[in-house]
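We just call them A, B, C and D in the order they show up, numbering each chain from 1.
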Amino acid sequence: MSVLGFAILAGLIIAGALVVVLSENIVHAAVALAFTFFFVAGLYVLLGSPLLAVIQFAVNAAAIPILTLFIIMTTQSRRIRPASGVFYLVAGFLALVFLVGLWGYLGAPETAFRPLGPEGLGVRLLTVTLLPFEVASVLLLLAMVGAVVLARRREE
Amino acid sequence: MITLGHFLALSAVLFAIGLFGVITRRNLIAVLMSVEILLNAAAIAFAATAAYKDPVFFSGQLFALFIMVVAAAELSIGFAILLNVFRHTGSAATDVVEEMRG
Amino acid sequence: MSYLYASHLYWIPLLPALGFLVVILLGRLFKGRSAGYFTTLVMAIVAFLASGLLVEALQAAPQWAVEGGEAVLVRPALPGFPFTFDWSWLAIQGERGVHFTLYVDQLGAIVLFMVAWASLFIHLFSIGYMDGEERYATFFAYLQLFTAAMLTFVAAGDFFIALLAWEVMGLMSYLLIGFFFKKKSAQQAMKKAFITTKFADLGFMVGLFWLYKETGTFQMVEVGQAAEHLAAGVALAIGLLFFLAAMGKSAQFPLHVWLLDAMEGPTPVSAMIHAATMVAAGVFLMARFYPVLEAGHALPYLAWVGAITALFAAVLGAAFADVKKILAWSTVSQLGYMFLGLGVFGWAAAMFHLVAHAFFKALLFLGSGSMIHGAKTQDIFEMNRLARYMPWTYGTFLIGAAALMGIPPFAGFWSKDLILHMAEEHAPLLWAMGLVAAFFTAFYTTRLIVIAFHHPSYESPWKKAPWNQGCPALNLGPEDCPPEPPPPPDHHPHESEPVMITALLGLAVFSVAVGLWGSPIFGQKLLTYLYEGAAPEILPPAKLMGGYLLGTLIALAGLFTAVALYAKDPLKQRLPDPVVAALQRRLYIDEFYYKVVARVAQWPTDLLWIIDTYVVDFLVDLTGYAVGAFGQALRWLNSGKVATYAAYIVLGAILLILGGVRW
Amino acid sequence: MITLTIVLLLALGGLGVALAAPLLKRGSGVLAGVTMAIFALAMILAVAGFNERALIFGSLEASPLTALAVLLLSAAGFFVAWGNLARGEELWGGPGEFFAFLLWGALGGVLLVGSTNLLLFFLGLELSAYATYVLAAYDRDRKESAEGAMKYLVLGALSSAILLYGFALVYAGTGSMEFAAIRAAFLKGAPALALLGALLALVGLGFKLALVPFHAWVPDAYQGARPVAAAYLASAPKIAVGLGLAALFVRAFGPPDAVTQSLLVLALFSFVFGNLWALAQTNLKRLLAYSTIAHMGYLALGLAIGGTFGYAAAGFYLLAYLIAGGAAFFALEAAEAAGVPSTIEGWKGLFKRAPGLSVLAAIAFLSLAGVPGLAGFLAKLYVFAASAKVGLFAVLVVAVLTTVLGYYYYFRVLQAAFLEAPKEEGRLSVNPSLLALLFVLAGLSILFGVWPAGAFSGLEQAFRVLIGL
């Protein structure tokens, strides 16, 4: 696997995520989110899983940002009022401690890297995870009905 | 040579950024976007682990798929509730939901 | 082998408890005398069940026969006996803890039978006696709960349950003594009873937990088995702690002071709680606790306390004029006999006396209630030739009195002489004290009968005596404790109504029957049931003959002395004033408690009061305030801000991670 | 097969209700009846199949524990559906769909408890969580509802992301998603990464259980929701996560000391702070919310102690809390429906105006406070006994002391209702169906308060099978 490819993707992902959490313009943040997810899809390609990459692209890098932009327009949000400096400090500190706390544990042992083709993944999806697959459908249905019920216009 | 550790480190950084976003953002939409980052950080860790350590079942990559489903569902309900908030207050800033306290 | 009544024995304590709930909760629905009828009906069912249980228990119990002075086992106990019922209510699996265990052996069955029937008759009597009183239904509810507690206590197979029942009994006794709580003397009496018995109950609690620490169980059977493994000193200490509780409950010297004043309660209560059942609970507890007492060699203490109490109370009984107080002294004295019996290895004799006494003393108390009802006074001097006006009361009272005095063939004769016989064998000095007490028993009983039933109404010398103004034993002056007004001079007593007479007759029958059941005439049948193979009380009549003869002579001596002294001139005072004053003021023991003990105790009390008022209250207030303020102050933490909440979550996660590193 | 039937019943029942709801615009009573019937059927099936052992589709385990989850969750759903009869029609925006969320939420809980791998566990958790997000927001006409639900959702999403990340680390540490393999890895000596993941998972589950410091959403969400919905928020996720945590500990994590000790600390924080906060409340919904936090602390104490007895004690706590806490919320609902605001001020003199309701509410509050004779008392006693058994005396002392605080604030409510004079005169007409529900719940509180043995032995049986004894 290309070290260079990973480094570039990782850098882009982190940069995109930073824009998402720092930009005061909410539209910029949403677009940056789309780009971040797009690069994450690239990471999945690097992991040898084009199926995952495609779905990541379709759902996370396209559908979700579009939905987000739609809501941004509906609520007429433009700028995000920045939090007070203290808050940035606290949050930055917490995030840092979290990262440092994790860091000590990272560094999994070296193992061989084995990709799996889309067919294999698809077969496993409908065998190993058949029940979760069905449950996910209920989950989506629930979300759909819930969203409809909550957002439906009042019928006088 | 890229190892699992690299991927996990990336996901950890991404997760930390997401946490930072959840705490500092003062717009509910932006907070939810930060949550999306958190979910993706987890998905990266799952997908990478599957490729490195779970050669038989690859269940981590399946999990990553389900995370996308969950993220979509979460966002749809979240936005529906957000619309209700907006309908009552005319804003999506976090300070409109700070009335109840104590 | 299946036992119909034994397998449902829990109904026996449960029914009166339910009766209590029904009457308390639906109190308003019970109009007129209906509460009395209802609870009496409940007791009738309980008495029926207890009788069935008794029959089953006696069939299943080991059968003994008396052959040539030796008890011979005819047939061992049937399987399933003693009856037990175990409801592991709060018990944790694999742990010993508190089990709601009922345990009924032949002794338990006999005492349950006694309590149930005595309670039934007392309920019946109260229907008429309490008629027209305020809180009529409440009275019966209390009686029900008391009965439930007493039955639970008798049937308890676990000392912890016994303690709970014991405390409920104490509570009901306290509430019933103060039933006429508008009287200052009743208030003071209930306080006195409460403080005295609570002090004694400390012994039960401390002893019980010490016992649990030593044996790891509350179960009576297991305690009995573990007793012999206890160190002698520990067994003695625990035994004496339990004995302290029994002394308080059974009014033994020097903790007898509360029982006299407990007569402030309604007369049926005196009969039920302060004569027949609750005060006997102390004796019963000692009987259940016998293995530990034996292991600790604590029995001589019981014997001495019992003998002193028996004598002392019998003497004082001869100096009083209030019919209920005379009977109260008599109760104290008879309970002393029971402890004496236990203390001289006369276990079965003491139990026999317990059962017999319960019936005849309940009879006497109810008889006194009938007398009070008819004569409108409690003072025997003020009663007007009751024998003429109240023939039924008179007749039944005579039966009870004969039993108390020990005139053959009535109950007290058989049981008391058996105790005295055991004392003769093991402690001659105590035997002599017992004999003197027996003389005084006959004396005061005859005095009571002669003055109350045969003499016309006099102006009471008791009320005139300068040393009796107010209630010195209750620390009350004349203004708070005025003497009861005498009945109008031309008052003609009348016989009580049929329900009350029925109760008297029933108890009379039982007190005769129980005596005969344990007498050699019927082969000491009752005693063979109580016999547990440890005490040599079952003797052929020939061996006892001397004792019987002596007992009869002493009783007759007391009787004739009293007749000689009081037949002609009951008012004549034959002892010098200071002696009479000392006797009538109970040898100043109560006043000693009030004056000296209470005053010495006043210092720490005052100190405690100061601490309580200025320190504890302050601390409590401060704590309450501080906690409330703390709660208020912490509210700002929940600021309502999403970001803050999220920060808490992240912070919590970090702390968990860092904490997790440590492990 | 019975367990699969129950799963299908709940899933398809929810689907059917959701489809029928738009057609029956004014017929939410019918749907309530159908829902109650489905839950009742599920309970019957669960009892029938209590001892069934099977592995369904390789990821759902039919076991007594799963049956227990079905029983408790169905009971919660049944009571909430019943409670909703009173004012169901007023729930604007979907009176019928309400019931679909009850069914799906219960389904999520069952899947969570019965799952044998991280994936199904997570999906079950999300399913039950989403149902409660929607229910929290259901009272759309009130701003508080939207506010509470928004906070709940945002924080819930954050916490489930943390849980998810924890699962990812567990997966990275052990290389498997299956509980059995994870457990094997943990027993060999927990890999650091997996241990860390388990701790992060505890954060997410602690959030659902409302343990301090993951508790802050609880009062706001409860205050915003209508009391019936709050009753569901307070019961169903707690049952699911409480039992699920035990299952996760035993089946997957071992459980390692680090995790149980952490849970113990969270429990300690919860019953101390929950009770302190509750002291300061005047709004009854917030009071109940903070007291829920405290109760979940006691529950977590039982879970942290573990073993058959600890888990069974926690299970009994869930049962007692489900009954009494639910009843308390339904009492608020009944009072609100009669026009009494849910504040201590509003409840003053309620006894004079609605004696039946007051007495039944009092039983619920007394059970929550832990008065002997009611289920809540025994629940606390069992948990305390469990902690005494393992020698946690310091924690035990704190737990008992904080219980006293609980007495204080619950009695404050009762004092207002029973001893103080009402502000307004006149009898209130209380909805009879709610009154009947309260009557049933009070009866259950008393029943389990005097006869816990049956329920407790069932719980012990379920956890004994779980632990594999």
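In this text, a contact is a pair of C-beta atoms (placed from the backbone, for glycine too) under 8 Å apart; a residue touches a chain by one contact, two chains touch by 3 or more.
Just so it is clear, the model here is predicted, and its values are computed rather than measured.
With centres taken as mean CA coordinates, the chain nearest to the overall protein centre is D. Centre-to-centre, using mean CA coordinates, chain A is 31 Å away from chain D. Mean C-alpha position of chain C lies 51 Å from that of chain D. Averaged Cα coordinates give chain A a centre that lies 80 Å from the centre of chain C.
Put simply, the C-alpha centre of chain B and that of chain D have 26 angstrom between them. Among the residues of chain B, those in touch with two or more other chains are 4, 8, 15, 18-19, 22-26, 28, 31-32, 48-49, 53, 57, 59, 62, 66, 70, 73-74, 77, 80-82, 84, 97, 99-102.
Multi-chain contact residues of chain D (touching two or more other chains) are listed as 119, 123, 126, 130, 133-134, 137, 140, 150-151, 154, 158, 162, 169, 172, 193, 196, 219-220, 280.
Looking at chain A, one finds that residues 83, 87, 90-91, 94-95, 98, 102, 104, 106, 108, 128-129, 132, 136, 139, 142-143, 146, 148, 150 touch two or more other chains. The touch graph of the protein chains shown is complete.
Looking at the complex, you find that chain B touches chain D at residues 4, 8, 11, 15, 18, 22, 28, 31-32, 35, 38-39, 41-42, 45-46, 48-49, 53-54, 57, 59-60, 62-63, 66-67, 70, 73-74, 77-78, 80-82, 84-85, 87-89, 96-97, 99-102.
Those residues of chain A that touch chain D in the complex are listed here as 102, 104-106, 108, 128-132, 134-136, 138-139, 141-143, 145-146, 148-150, 152, 154. Per the touch definition, chain A reaches chain C in the complex via residues 83, 87, 90-91, 94-95, 97-98, 101-102, 104. In the complex of the two chains, the chain C residues touching chain B come out as 635-636, 638-643, 646-647, 650.
Those residues of chain C that touch chain A in the shared complex are 643, 647, 650-651, 653-654, 657-658, 661.
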